Structure formats: C-alpha cells, structure tokens
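Paired with subunit B in one complex and with subunit C in the other, subunit A is shared by the two complexes that follow.
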Partner chain A sequence: MSNLWRNQKVRNLFLQGLFVAAVLLIVIGGWMNAQQTMQSQRMISGFGFLHKSTGWDVNFSLLPASANDPYWWFFVIGIVNTLFLGVLGLMLATFIGGLVGLARTSSNAMLQLLGRTYVDFFRNIPLILQVFFWYAFVTRLPSVRNAIEIGPMTLSSRGVYIPALNVGGWYLFAAALALVAAVVLPLWTRTTRRIDKPREERRGMVLAALFGSLALVLALLWLGRLPETPLIDVPQLQGLNMRGGLRVSPEFSALLIAIGIYGGAYIGEIVRGGFKAVGRGQTEAAHSLGLSPWQTFSRISLPLALRAMLPILANQYIWLIKATTMGIAIGFTDFFMIVAVTINQSGQTIEAIAILMAGFLAINLTIAAIFNRINKAIALKGNQLRS
Partner chain B sequence: MSDPSLASPPAPPGRLIDLRRRYFRTPVQAAISLACLGLLAWLAWGVLNWAVFSAEFSADASPETCRAGAGACWTVIAQRWRIILFGLYPYDEQWRSALACVVVVAMIVLSCLPSFWSGLRLAAVWVLGTAAFYILMKGGIFGLRQIGEDQWGGLALTLFIFVATCLIGFPLSIVFALMRRSKLPVISHGIGLVIDAVRSLPLLSILFAFAVVVPFMLPDFLQGGRLYRVICGAALFFAAYQAEIIRGGLQGVARGQEEAAMSLGMSYRHRVGKILLPQAMRNALPATINQFVISFKETSLVIVVGFFEILASGNAAYGTGEWTFAYREVYAFIALIYFTFVFSLSRYGAYLERRMAVGTR
Partner chain C sequence: MTSTDQLPTPAVSIQGMQKFYGSFHALKNIDLTVEKGEKLVICGPSGSGKSTMIRCINRLEEHDGGRITVLGTELNDDVGNIDGIRREVGMVFQHFNLFPHMTVLENCVLAPMLVRKIPRAQAEAAAMRYLEKVRIPEQARKYPGQLSGGQQQRVAIARSLCMEPEILLFDEPTSALDPEMIAEVLDVMVSLASDGMTMICVTHEMGFARRVADRVIFMDAGEIVEMADPETFFGDPKNERTKKFLSQILGH
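Up next is the complex of A and B:
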C-alpha cells in the first residue's frame, strides 16, 4: 500500500480524482438540495419563467417597459441600463482621470499638489459612501419651485432637468451611433495600415470622414424630429412642475457623479503611471532634437504612455462597470437590481443568479476583447530598445 | 594644500531661488501656480470654515438653531456617535464593543511591524486577536452577558467582517495560488476556472448569492448564520484576487530556487514553506497591502444585503427624526474613520515599497 502511495503517477491520479470528487460533491449536493427546497416550495426550476410577465415596474429604462413585459425583456432593460450608466461613468471618469493624471505629471509643483490632494481624498473613501453622500446631496436640492438654474439646466430635488431633443427614439439612437463614428472614423482613417497612402496625404479623407459623419448626425436628427415641436426642448417651470426637457433621476445623477469622481482618482493614477513609464531618454532626446514642449508631449510622451496604460485601464474599466451594481443601494434599476427583484418576486434564485453571472461575464469579456484589439492595433512594431 | 573648489561643495540654492525655480519659472508657470494656490486656499478655507469656524460644537444645541448656522452641526455626532460606532449593541455593554475595536487596531498595527513577519507570529496575532474580539463581542463566558450577532453593528461589525474575511481569505488564497500553479492539469485548470469566474463577478452579487442562494443549496445543518455566510462570500472574493497576486509573486521567484531545493531533496512542504512562499510574499507585498486596503473599503458593501455596519448605522443616525438635514456631518464623520484606516495603510504600503526597493537595488 505504501509502495502504491510512493508511486508518483498513482498519487497524482488520486489527488486529481479527489479534487474532481470534491467539486462534484459540492455541485451535485447543492443541486439536489436546491431541487428539494424548490419542490417543497412548489416551484418549477428552469428558464420557463423568462416568458412570464413580471407584474412589477422599473423606474428607469431607456427601452419601453411595462409591468406586462416578460422577464427576459426586463433583463435586457437591466443590461442596457447598466451599460448606459457604465459607459457614461467611464467617459466622465476618463475625462477627470486624464486631467488629474496630467496635473500630477506636470512640472508645476503646485499643480502636482492639487492633483495629489484630489487622488488622496477621493481614493481613500469607499465608493458606496460617496454614492450615498451624492444621493443625499442630490435629493436635498431645493424643490422644483425654488430650483437652481444653471444656463438651460435646472437642478431640483426631483432630479436634474436638461434640454432634450424632440427626436424619435430610434433616430436618436442612430444619431448617437453616427456621433461615435464621427470620432472613430477619422481616427481610424488617420492611423490604419489598410489604406495604401502615406499619412500626410490622408488629410482629405480624414476631413471627409469627419464631416460626412457629422452631416449624417444632423440629417438623422432632422429626419427623426417629432412633428409640430421645436427641435430642442428646454425645460420650463409650469405651475408646480417642470415641463419639457429630460429629467435625469437623482439616483442616476448620484451614481454618475460618484463613479466619475472615484474612477477619476484611480484613472488619474493610471495615467500618471503611464507617463512615468516613458523613459526619460525619450523626452530628453525629443528636447535635444528641438521639438517644442507640445510636440514632445503629443508625439513622444503621449503615444508611449498610452500604450503603457491601456492594459491597466482595461482592468479599471471592468472594475468600474462592476461598480455600477451599487446602484441597488439607492434604488437605480441596473442589471443587478433587476436580478435581485426577480429573485424576490419569482423565487427563481439559481436561474436568476446564472443569468447575472452570464451577463457580467459577457460584459467583461467584451471589454477585454475590445482592449486587446486596440492593444494589438497600436502595439509598437519592431524590436528597438525603448527605454 | 588643497584646492578650495574641491573642499567646499557649491552652496545649495537659497530657498527663495528654489521657490522661484519651482513655481515661477515662466509667466505661464507663475499664473498656473497662483491659480492652483488660489484654488487650494479657497478649498481649505471652505472646509475649515464649514467644519470649524462657523460650526456648532455644543452637544445639546437644538436642531433648529443648529440648522440656522452657516457651518457644520457637530451636535448630531455628539448625540448619535454611539449609534454610528456601536449600532444596536446594548448601551451598558458598549465598552466591550469599543475594546474590541481597539483589539483590531492593535492587531493591524502589530502585523505591520517587521518583527512579526513570520507565518507563525502573524497567524498567532490574527487568531488570538480575532478570538479576543469574538469573546468580547459575543460574551457568554467570563461573566460577560451573551449578545447575539444580530445586535452587533457600527464600526465593530465593519471591523469584524474585515478581520474575518482576511483571516479566512488569506490562507485560502495561498491554497488557491498553489493549486493554480500545480503540475496536475485537472487541479490547475479547475481552480483557474473558479478564480476567473469569481473575479469576473461584482462582489455585491457574490455577497448576495451567499446571503440568499446558499440557503437553497446547503442542507440546514451546514448553513450557519447569515453573517458568517456573507463573510465566507467576501473571503472567497478576497481569495480569488489575492491568489492572483501571490501567483504573480511566485512567478517572480527565480526558477533556480525551486530546482535547487528539489535537488537538495526537500519535500514539497518545505520547498513551498521555506523557499518559495517567503520570497513570493516579499515580491507580492505592495500589491497585497493594496488588496487589504481595497477589501477594507469593500466591507461597506454588506449594507446592501442588510447588515447594520457603520454606513447603515450612519444612515440611521441622520435618517430619523429631526436630524435629516445633517447628512454631511454624518458622512464626513464616517468618511474620516475610513480615511484614517485606509490612508494610513496605503501610506504604510508606499513606505514598504520604498524600503524594499532599497534592498534590491
């Protein structure tokens, strides 16, 4: 017997078998127990509940929603809400983070101090505390009648009212896509290797891509405008309520502010790290070649720093998307909240959790894939020493 | 005869010159410096004015007078600090809760001292400390009144969740990391799948699953209290992240180290315990401290699954009755507590990083 134990092959097989058995025990035991519990509560397991109507409503949705809609539609709504909040939050966080990171790497010590104060302050307080704070702040703004007006915006305890476009939903969506294209297409035509022309001669194409997309945006907005209304709908106070415009709910704005500020502090550090990773020799060489500070920054430091920070940035983005789940603490209907309410209402616990896992896995993998693709596209070719 | 230029180094630039060089080199730089200085001064004045100069400090001011003032109203903290720190813990026994918090702080400070950095000593500090904490909080022996977990709250509950998460999660993370680098394909791939799945999920959903789903899947005798289930969930999440950090540390150990140990005939246990892990932990130390900091901040998430930790007790402290306007003061108080813990830990981490960089240069 002891001889058998000394045989490495036998031992390896035994250990792996033990591991598999333990995993199987947990999974099958859990499954059987769950079946038993469900049976005793007279519930049917499986995904059949997805086609039943929910019977409850959501308070925020980009897509049409009513209590008669089936569960699967609510899950779609949840994912869209999460992505909407996540993408806006990431954009805000990236903007703030870029400013903070630049401040921290600037040569001016006062500016560095300012950036450092920001990072140290906001990074060391839990995000959920900041979410609660901003929620309390936003819901304690003056009532609609005494609302604060900043330009065309109106801040009140019932939400932030911003001017809206009187444009049909699908046209608005298409116009938003065209706006994204107006940013991406010119960049792509400028940098791609697919077009067989030196970069200096592409100016016409870049401009064509830019203005073409912008024209498309305007055309879509014009085509989709609702009849008999002005194109831009400015909110106005009428009686006790606000008329027109778009109401941004306090939950949404609180989450957006918190994620933007907190994420900005983290992204600021990533940006700083990226610039720190650019070798001193690179900028010194640029200076000695007579490049101006702006040229050094835009042609040498920034491209190299961007490559250094992209992989870390991808992780941070995934983290921030996952952080949108905190919306449940203040009642924003994101994907996680829909899952939680589903469990509460239908009792289909395991199925709902499986959907939650699949949803987040899909989101995370998509972000990772996009970043891998960008990373690969801009990776430095060749094998020069770059430090 | 010595050369005078060699004997005395060039005089360091005067403070004024240094100031000019750093802040006022060009007109643009000067403008930026002044603008930043102005902004910082404005912020500092705003905060100080709110929190100190025009604030209300008396413990028994009425909410109305407090509200009329321009600054912070610390009266709410003076009246409600027991709720924020101790939650629903019985009033007469709250000294136990306070003492338990002191024990945790002492534990953290002790494990930051380099003379305690051996597996045995750290384990002793943490196990004994947690046991002391548990006995103090729960009571039932030594003539202490027994107080159930459902009455724990505030800072003490936050610290308990943090400590228990680390105590379970850290050994688990080492096991995970060792399993992931195992040469047996089934084990390394299987655990890799678990780690990646856990890492791709939000912590909230894991806490939620452990609080709500696990009772479905486990027979009654295995379920335990809801608090302990949630702690297990948090520990699993911590372990999945920490395992990757330790794996990174293990990859940083030169291959020759393990090969040398093998050629000396050391057993797996000794190879891992005496050669690999000590070096890996050293590589992984900065990231590990960062992970502790993150998981301390994330303990606040348990509020969502219905625990009365410090944030929830803070919400309760201003949410009822006449203090509803005083949310800023309460959140500032809680933020200060978190900030003190997190900032000192992360400063300590930065110090360690510098200290270790000296050693390897």
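Up next is the complex of A and C:
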C-alpha cells in the first residue's frame, strides 16, 4: 500500500480525482442552493421568458425593433449592436494604433514625441472618463438647425447624420458580407499556400476576387433597392428636423470615438513592440542587398512585425470587445445593457446572466479562434533561428 | 563609373577614414585600397574596429571623415550612390540574417527581382545555380529555421551571389557556427575565391587566411597595425601587438 502511494502516476490520478470532486461539489451545491432560494421566493426559473414580449424599447438598433418583440429578439439586437460597435471600434483603434506605433518607431523626433504624448495621455485616463467626455462633447454639438456640415455628413447634438442606402434589410446585410469578402478574399488569394502558383502570378486571381466581390456588392444593392427612391439617401434639413439619411446616435458616436482613441493608445504600443521585435540583422541584410527603405519595410519589417504583434493584438481585441459594455454608462443599448434591463424587468437574473456570459464567450472565443488560425498559418517554420 | 586603360579602378579605396561613436574614436585614419579580384583578410581582437570598417563600405555604418570610393563611386550622402554601391557589394553576416518568413529560394530571388527587376523564372534559375554552387539545391523549398547553422550561412552566401555583386564582404561568417559546420562554409568561400571574386573577410580562421588571402590586415584599437602577404604576416610579423595576437590564437 505504501508502495502504491509512492507511485507518481497513482498520486497524480488521486489528486486529479480529488480536484474534480471538489469542483462538482461546488457546482452542485450552488445549483441546489439557487433552486431552493428561488422556490422560497416563488420565482420561476427557466428560459420561457424568452418568448414573452419585452414591453420596453431600445434606442439604437440595426434590426427592426418594437416593444412587442420578444426577449430573444432583443438579445439578438443587443449582440448585433455590440458586434457593430465592437468591429467598428476595433477598426478605428487599429487604424489609430498603426499610425501611433509607426510614429513612435519612426526616426523623426517630432513624430516620436507626438506618438509618445498620445500614448501617455490616452492610456492613463480611465476609459469610462473618456466615454463620458466624448458623450458630453457630441451632445453639445450645435442644434440641428445650426448643424455643422462636412460634405454629405451633418454633425448635430441630436446625432451625426450620414447618407444612407435605400436598400432592403437582408440585401443590405448580404452586401455588407460581400464587402467583407472583397477585403478578405483578395488577401487570402494573395497569401495562401493552398494555391499552387507563385505569388507574382496570382495578380489575375487577386483582381478577379476583388472585382468579383465588389460586383456582387453592387448587384446586391441594386437588387435590394427600395422602389421609387434614389439609391443614396442624403440627409436634408426640413423644418426643425433632419429628413432622410441615417442618424448615428450620440451614444454610439461617443463610444466609438472613446474605444477607438483609448484602444489606439494600447494598439500603438503593440505595434511599436512588434517593430522592435524585428531583428536589426534582417533589416541590415535587406539594406545590404540594395532594397529600398520602402521595400525593406513592406517585405521584411512589416511581415515580421505582424507575426510578433498578432498574439498580443488578439488579447487587446478581446479586451476592447468587452469595453463595449461601457455603453450602459451613457445609455447605448449594447448586449450588456439589454441584459441589465432584462434582469430589471423580468427578474430572470440567472438566465439573463448565463445568456450574457454565453454571448461574450461566443464572440471572444471566435476572435481567439480566428487569430489562432492566422497565427498558425503564418508562424515561422523551424526552430534553428538565431539573432 | 570611370575607368581608364592605364589605371584600373580599385574595388574599394579608403582614404583617411574616421569613425566616432559619440566621443569614442572607433576608426582612426584608415587608408586601404583593395584591387579587383583581391582577397583581403582582416583580423584583430574584438572591439578593434574590423566589423565597423567593413560595415562602412556598404553604409551599414556611416563614416565621419575621409573618403570611401567603391568601384569608382564615392560613398556619400547621395542616395543614388548608396543604392548603386549596395547593388554591387554583397555582405555575409555572422548571424546569417536570412529572412525567416521566406523559403530559401524566396530569400535568394527577392533582391534580384525587386532591385534588378529580373523576371521570376530567370531569378529562380540563377538562384538554383548558386544554391548548387553552395551545395544545397535540395533545400530550396525549406525555411531558414529548418536548416542547420552551416546550411543557413551557405544560403546567405548564395543570396548575396544572386545579386551578382562585384565585391563580397564577410563579417565573421564562421564565428557563430559549430566546428564541423565551419569547414563547409570555408569550402564554399575557398571556391568563390578561386572564381576570382573580390573578397574582404573579417575572420579568425587563420588557415583560410594562409590559403586564400592575398593580404592580411591586423587591426587594433581602431587602427590598421600591420598589413602584409600571408607568408610575411604569419612568418615574420613586425608589430608587437600582431605577434602577441598571433601567439594567442595560434598558441594552442
């Protein structure tokens, strides 16, 4: 018996068993406790409430919404809102971060100082404060009648009005997907190893992918256009209000700006780190071969820096997606706010929080999976690298 | 490039070159002329300025005084001159510095295609020829990280050769290699020398210097202390510092 206990494998197995038992005990205990408490308070558990209508409305939705809609539809609206804000926020943050990171790694002292000041400033102010600041800013824009016009855009305290497309909902959605394909497909065609053709000779295929997708976008928009209206709906002042176009609510604008600027500071540092991680030897080799500064950047530094950035970038993206929950502070109906109101209105706390967790898990695990896939595809081969 | 029938343009001509790192005087008044086809070996203790000197020849380091002329073109702030010289001067580094995200073949064809605008098929054919010359054509589709150090260094040599340079600079090409891999790299360098390539090598491989070099230079504290043909250099060094250095590295 003492011999058996001294066996490493037996010990590990025993400890594993103990651990699993403890976890099960806690979960089952918690479950039973919740059941008992809810019963004593005469609460009904379960997901039946999902089919009841909410009786309240949302102030921002990409999908049709009314107070008669059921809870499950509102959750869908919340997730779509969160994704919409999240994806645009990530794009803006990445764009700003790229500029800031490049400024900080440039050889120009002025740009370095600007980049550094940006990072020091925006990274050190809490996000919620920045959200409030931008919300105050966009709600204090001039009234609709004195609105600022920038090209086809109109900035006012009631929101930003931008030209919209008079296209039916599903067609618009499909066109948006096709637009994403127009970005992803050419890139994939250009870089994948699955096409057995040297990269220079793929130009035709890349252009076909690009223009094919773009043609699909136009075709979908044309097919889905609403009858007897112009395809592009430009907002215009009529009386005391704006007519036509799409109103971007101040809540959405404020969050988008805040996430873009705050995230940009962090991503700027990631970009800087990525470029610092590229060995000086590689750029020296490129110079010694006669490559121009741009060729060295685009063929050597950038591809290597991207590989160093991606894992940290995935982390940052997941973080920023969760930052959309700041919406509740200024009344943007993101997923979190809809869950919070649901808890308030229906009392289904445990169920609603379970849905909230599942939703964010699904979003963030998807981001992680996409990035892992990309990482794996572009990972450097071999383990004999030096310098 | 200017050349006359009487005086062939030297490959590299350095006159009164100075190099400072802050207040540290790294290279003091360097005068050196390397003829076309000449093989020059530079040795000396670490920190003596050997690497800095050859890195000035293709502007990986900027010299602070004096004149450097490469193949008749003066190396100055003129970007066109720098690009032109870099096209004609290849460099092999201590740590190989291959591009890890490209295959061996892509490493080799990148510069010929981008800089010399050679079509891919032609560049690949040339690359395969040079990979055969360094005896690793079978590794063309692999990535640098999948090769041994000696193989990587031979790829680096092939990559430089693909630009068909007039001059090759070697910056301690065998210092990062295991002993059995040093030989395979030196063999390639010897065969290059016999093809008539102009070579300037910073190395501590004294056997290679004896066998291949036309002249050997000893540097110490940023100065060229001794310069002689290998026989005189190893058999009858004049300078005390050279003697001490040689006794240290040949002593055991």
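General observations
Criterion: the second predicted complex is superposed on the first by the 342 of 387 C-alpha atoms of A that agree within 3 Å, B and C clash if a C-alpha of one lies under 4 Å from a C-alpha of the other, contacts with A are read in each partner's own complex, and residues count from 1 in each chain.
Definition applied: a contact is a pair of C-beta atoms (placed from the backbone, for glycine too) under 8 Å apart; a residue touches a chain by one contact, two chains touch by 3 or more.
Source: prediction; values computed, not measured.
When the two complexes are superposed, the chain touching more residues of subunit A, out of subunit B and subunit C, is B.
Touch criterion met: A:Arg299 reaches subunit C, while subunit B stays clear of it.
Residue contacts after overlaying the shared chain place A:Asn315 against neither subunit B nor subunit C.
When the shared chain is aligned, no partner comes close enough to touch A:Asn68: not subunit B, not subunit C. With both structures placed on the common chain, the touch criterion links A:Thr191 to neither subunit B nor subunit C.
By the touch criterion stated above, A:Ser288 is placed in contact with subunit C alone, subunit B being left untouched.
Using the contact criterion defined above for the overlaid structures, shared-chain residue A:Gly279 touches subunit C, although it does not reach subunit B. By the document's definition of touching, of the two partners only subunit B reaches A:Arg140; subunit C does not.
In the overlay built on the shared chain, the residue A:Leu380 is in contact with subunit C alone; subunit B does not reach it.
Interface residues of subunit A, counted against subunit B in their complex, comprise 12, 15-16, 19-20, 23, 29-31, 33-34, 37-38, 107-111, 113-114, 117, 120-121, 124-129, 132-133, 136-137, 140, 318, 322-323, 325-326, 328-329, 336, 339-340, 343, 349-350, 353, 356-357, 360-361, 364-365. Across the complex, subunit A is touched by residues 58-60, 83, 86-87, 89-91, 93, 95-101, 110-111, 113-115, 120, 142-149, 152, 156, 159-160, 163, 176 of subunit C. Interface of subunit A with subunit C (complex): residues 198, 200-201, 279, 281-282, 284-292, 295, 299-300, 303-304, 307, 378, 380-387. Residue ranges of subunit B in contact with subunit A, taken from their complex: 22-23, 29, 32-33, 36-37, 39-40, 43, 183-187, 190, 197, 200-205, 208-209, 212-213, 216-219, 297-298, 300-301, 303-304, 311, 315, 325, 327-328, 331, 334-335, 338-339, 342-343, 346.
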